[in-house]
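In what comes next, subunit A is part of two complexes: it sits with subunit B in the first one and with subunit C in the second one.
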Partner chain A sequence: MKPRLLTSCLLFVVGLFIYSGCGNATNQGALNTSSAAEKVYVAPGEHDEFYAFLSGGFSGQLSVYGLPSARLLKIIPVFAVDGEKGYGFNEETKPMLNSSYGFIPWDDAHHPELSQTNGVPDGRYVFINGNNTPRVAKIDLSVFETTEIIEIPNSGGNHSSPFTTENSEYVVAGTRFSVPIPQEDVAIDSYKDNFKGALTFIGLDDEGHMDINFQVLVPGYDYDLAHSGKGKSHGWMFFTTYNTEESHTLKEVNASQNDKDFIAAVNWKKAEEYLAEGKAKDFPTSYLINRYDETTHTATSITRNSVKVLIPEECPGLIYYLPTPKSPHGVDVDPTGEYIVGNGKLSADLTVHSFDKMIAAIENESFEGEVDGIPILKFEDVVAGTVASGGLGPLHTEFDAEGNAYTTFFISSEVVKWKVGTWEVLDRAPCYYSVGHLMIPGGDSRQPWGKYLVAMNKITKDRYLPTGPEMNHSAQLFDISGDKMELLLDFPTVGEPHYAQGIAADVVKANSKKIYPINENEHPHVIRQEADARVVREGDVVRIYMTSIRSHFTPDNIEGIKVGDKVYIHLTNLEQDWDTPHGVSVLGANNAELLVMPGQTETLYWEPTKPGVYPFYCTDFCSALHQEMQGYIRVSGRGSNVELSWSVGE
Partner chain B sequence: MLLAALALLLLFVFPLWSITLTAPQYPHGVSMYIWINQITGDTEFTLQNINILNHYVGMKYIEPDSIPELTYFPYIVGAMTGLGLIASFARSRKVYLAWGIVLVILGGLGIYDFYLWEYDYGHNLSPTAPIKVPGMAYQPPLLGSKMLLNFKADSYPHWGGLFLALSIFGSFWAFLKGKKKNKAARSEAFRTTTTENHLQAS
Partner chain C sequence: MNKFTLLFAILAVFMVSCGGSSSENADAPPPKSMVENAEASEDPMANKGVGPIESLTLAPEIDQAMAAEGKEIFESLCTACHKADKKFIGPSPQGIMSRRSPEWIMNMILNPEEMVKSDPIAKKLLVEYNMAPMANQNLTEDQARKVLEYFRTLE
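Our next item is the complex of A and B:
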């Protein structure tokens, strides 16, 4: 005990020395502030070089930033209702948040993942997982809107998701919390007998629609993160596991006992063969697919009642376990596809497996055991090297285009740069504070753009002006174009950005739409000209077919609505010019506004409860006469005989 | 002369004139193109967008269907092309000249007509316009640039206008070239002697 005490005392003194040596606390980290400022300066009116998609964590949304300026470009609502855009409030997007449990207004979004072609981000879609009620969303990058959300059955805590294969053949969803499959009412302490995990493979059809192709039923561990093979390892998907102890309580202790957990290697090409052979079992379940159609501007939900499940015992060669030390968190595959990095989060070192060695070990059937039909490879057979990092608590690794890897260390709060193949540590940079994920544009693909690294930190404390007990999480931008990483910028983020993705702006921006052509609008309640504006009553359902164009609504005077009516305001924005949305909101409506893009139709539902005259107005400052863009709806008593009428300019 | 007549057909392929409006909110400008038979914009929605902007100051909607010239101009241009072709076979200098002069007159009338429309749109404002600036008219310039409130309006001939001019010059050139042919013999002799002098000097 004594020598250790002495060492820690010594370290403390050294630490103090280093701390005081840093001097100016307001300039923490950046080596040369003026050159750093120049590197992140994007002149007014100019565009950033990269788009960065940062998950919104517990905000449920996806934030879009420009790099290197770190300017916030947009927040895309995904898993949480958003009054700003009417998402989840208007009739058209409510179905996006449907699930087999009904309407869910929130989720915890973790990992954005860009679609890929030939292992390179192609700028078509970005996927993101909902962790709490397992779901995967797809955002279409021609409109930067969520256009599809699929629910994942037999899963609990959709964390190892939504990592994609080289041509986005699949987007995966591995369960972090094992659950009874199928769900049933059992004692929690029957975990070892009744709890299972599922690794889900979501396929994309030619139109880009998601559906579940199959699930692999696996032992009841926690499946934490994933990444697909690439190049020579294309066809394989790797998942990390922890809690191979299969504990169900006080996991911080009980799930940290085994010296090694596993990286699961799934051969999905083999899975396709088994599917073709009819080896999959149909498990009854219930899950929803919610699709937003860009021509009807409306989402609809599809219910599925069964899922195809492959059972490893019946499908030899489908899945193997690679022993990996200390509850590995991230699993990251280098751009060549040869090295599989296991970030053992309770250790100091990184374990790197070799794909070639793994294949050789499988061919030699050199196994040290088996769990539920899943062969366990020998650690010595598959390990390629160890990075003696000098840090503590490695979580995630990304790559540049020069054969270097960058790993975050949560506990020692730093990013460490090391050489793939020699495992030599090249550089280290402190993070403020406790970094989780990191992102290099294209850094998990076959062709990283490199240049920048964004560290996403979990603890903010004193980095910005204080804002009370709750603070935004902080991200930090590094220049990685030189031998040494250079801290350029701190920027606050929305919610908790877990993972992020970056892509050269040129790949995306040319496809960005400016308007929705009104002549392609197939909304069931569209009207394409003011002359068609009208109000229609069917029993107590009243439909107001309304248009907006600078700077008036048609109609803007409506009478004959009664208390208790179910009023649908179908607003079509007739504008066909870029950046001319109109909003609408009604006094007393238990709802959010509509924010209708040019050429789009959206519907505000309102049940008036009291007689009176209710103003409504445009909420998005649209023109010089925006303040005049308003109208009135007269609401009469239940038994009134005020006739239905509507007008504008009379 | 043949080319002059055929050049007129290009008026069906290119607009005559363009008016471009630029403002801080429209950094790349909004352009409207006037053809002999239609009015177009950068996109199919440009006219609607210009009309939306114009209505604030009470300008009438620009509706191509309500401009009769767009219906009969194509016939005039067609007829002139036909006459030009006939003229080119007539091989008469005087016919070339006559055709050219008629085209100048028609072109002049066309420009005057364009001016009248511009005047009408710019001055004939709705008395209930939301934005009224005393003494302000919104007539775009016939040729050149002018500030119309927040918009800078640039009005210039487009390819069609250039081809019309080319057509007129073509007919005059044909006329002049015919004239020169008569003098050809004399100038030929002169040119030969000067060339010889040059050669000796060097």
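Our next item is the complex of A and C:
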């Protein structure tokens, strides 16, 4: 079918769908509302069965929900500053947002991915990618805080990321935009000559620290999504590509010309052999690793100046291309590891490849061509089947534990359930509106928990009370325990919840910390008892060593600060009970508050600009005497001789 | 039945159901007030408080090593509110061993939330100390026992 004809057909079908959708406006909810309400009801004081981690998208953060109630439990700041928690504002977390371009207060978060052991989410970490300035973050689920962010060099948009291997040996980062590697000043229309892609493999050491083990240099396509092999296909990582046309402008049209693009299959165990043989080239570059230490409560940045790169032409057997129709978006591997689903987003059908057939084709060297040293397998040699669903615009697929797959269709706005192996369509459920990713707890792992499906929709329109032109994106919860999917609940989300991950709550909640033990606090400016509270001047740097406990700060009267001083308030929260943070904020400080957890130390930086007496107070309602938890800092003129002094209760 | 009659009927149903529920509660005791019951009448030394420590016998001699450890724990976790030499946010522990039973002291350290709710002395102290409830600093029983030994040195 010629592209233009296909487009017209698509438009016609979409038109039909929209038309019929409007007619059905009265039937856009759960079929049996009282039974649906019971299924999502979690009684007051009871806990949800699952944690769900939803990407905050362009908020840059990660939202934590409980399922099935859809209670919002927490928003974890990751790639964007967050005044609520002082993240990116206090001295301790500022380095988390460092990059080789300096401090960046925002990014676009896309895909949360739980760490795995033996192919099953293990509840240790959630990884999430920053798409705009390529980065990957790691959130530690014992504290639900971002503890590491690594920058990805040689990448132009970190989209096919951060999908993990079965034991989190690696999380990956494939570039959505190819760029000159290494970066250089060239004409954009020299794309085909100068632009390349990089597939990055980030390894985790025994302490869980991330660093880049290697990159694979690939042709200048757009690398869209990824998922690792599992079970028998463990050792392989699959990436979708589009723009195999290598267009650099009007990609809407120009990157949709080829009938097939590729799924790239990378044999990372082979890559390890090549690395051990010294086949990798050191490419000079610059990238940062920002690590937050839970003992010093402080982040530091490490700079790396080169990265190991494997070049396919020099490394036979490292990577193959599987032709896959129509700009495949998601690539999803079923729980057995045999089937690799290509969600051809400009098509009506899904293409499913067979891992066994892929291995046989590689062994038979049955190639239809080669690009930059990467063999292209023959489509008919690797394809296992096609799901002819009748839907339009397939994007993503997840799996349950009963051998069923669930695929989202953006254009026809629905989830389609089909049988893995027979490719038979079993059920379909409309989404409101325009569903992107979906999530089933454990649905991209070897052992899905199943039970629920969350559809994450791109368009909200009339689903909630209107809130002006901007509407929060909508998510929808389905019960998938029966033969038919049953819509239970709509709930609004933060930013754009591209992807999500779900995990049985029991795997996570037992490890959740309640406090930081004060005697383990190794912050360079900690004071472990109130008697050590003091104010120290070194030139124009003034350090206030302050403590908090219900309901006072020590010291709470400070004099001798001068205009132009660089004031650091190092607040240690002496509380040792769960959920007893204290905040602090200072009138006129060009900064956010601190929000200090029990046993933690954080630092507020302030440069006073005018003489006067400045109140400060606790910002987190802490006790019956919270309103009394306050103090004063006297700021004198630059030439003043008011002596430095501090006190409490005098 | 016109609209007015219907409305009246509905109102009547509401009134009956409200009246019913209040008469049911008429015999129940009024809700407890933390403040009005805060009278400690019993011998304080006989009050062991509420919490994990039911019975504790102290050796005749103070264990000085244990007391030294207790002092360290006290200074780190308690001195933000309790000063050994004066009344501060909370009372001074000076002489406490002659005012309270050892069980009560440890229960107050280990179980302050329940103590200020149900122990008569703790309730009275909460009022006396400006409604600033004692923070639970999550001491272990072992740590609390050492702090108690330190208190024995504060006669």
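Rule of thumb we're sticking to: the second predicted complex is superposed on the first by the 623 of 650 C-alpha atoms of A that agree within 3 Å, B and C clash if a C-alpha of one lies under 4 Å from a C-alpha of the other, contacts with A are read in each partner's own complex, and residues count from 1 in each chain.
Criterion: contacts are C-beta pairs under 8 Å (C-beta built on N, C-alpha and C of every residue); 3 or more make two chains touch, one makes a residue touch a chain.
Remember, predicted model here, so these are calculated numbers, not experimental data.
Of the two partner chains placed by the overlay, subunit B and subunit C both lie in contact with A:Asp577.
In the superposition on chain A, contact of A:Ser301 is made with neither subunit B nor subunit C. In the superposition on chain A, A:Thr547 makes contact with subunit C only, not with subunit B.
Counting residues of subunit A touched by each partner, subunit B versus subunit C, the larger count belongs to C. With both structures placed on the common chain, the touch criterion links A:Leu625 to subunit B and to subunit C. In the superposition on chain A, A:Ser286 contacts neither subunit B nor subunit C.
By the touch criterion defined above, A:Gln529 lies against subunit C but remains apart from subunit B after alignment on the C-alpha atoms of chain A.
Within subunit A, the residues touching subunit B in one complex and subunit C in the other are 515, 549-550, 575-577, 623-625. The touching residues of subunit B, counted against subunit A in their complex, run 43-45, 48-49, 52, 56, 130-131.
Across the complex, subunit B is touched by residues 515, 549-550, 575-577, 623-625, 628 of subunit A.
Looking at the complex, you find that subunit C touches subunit A at residues 75-77, 79-81, 88-89, 130-133, 135-139.
Only residues 515, 518-519, 528-531, 547, 549-552, 554, 574-577, 580, 623-625, 649 of subunit A touch subunit C when the two sit together in their complex.
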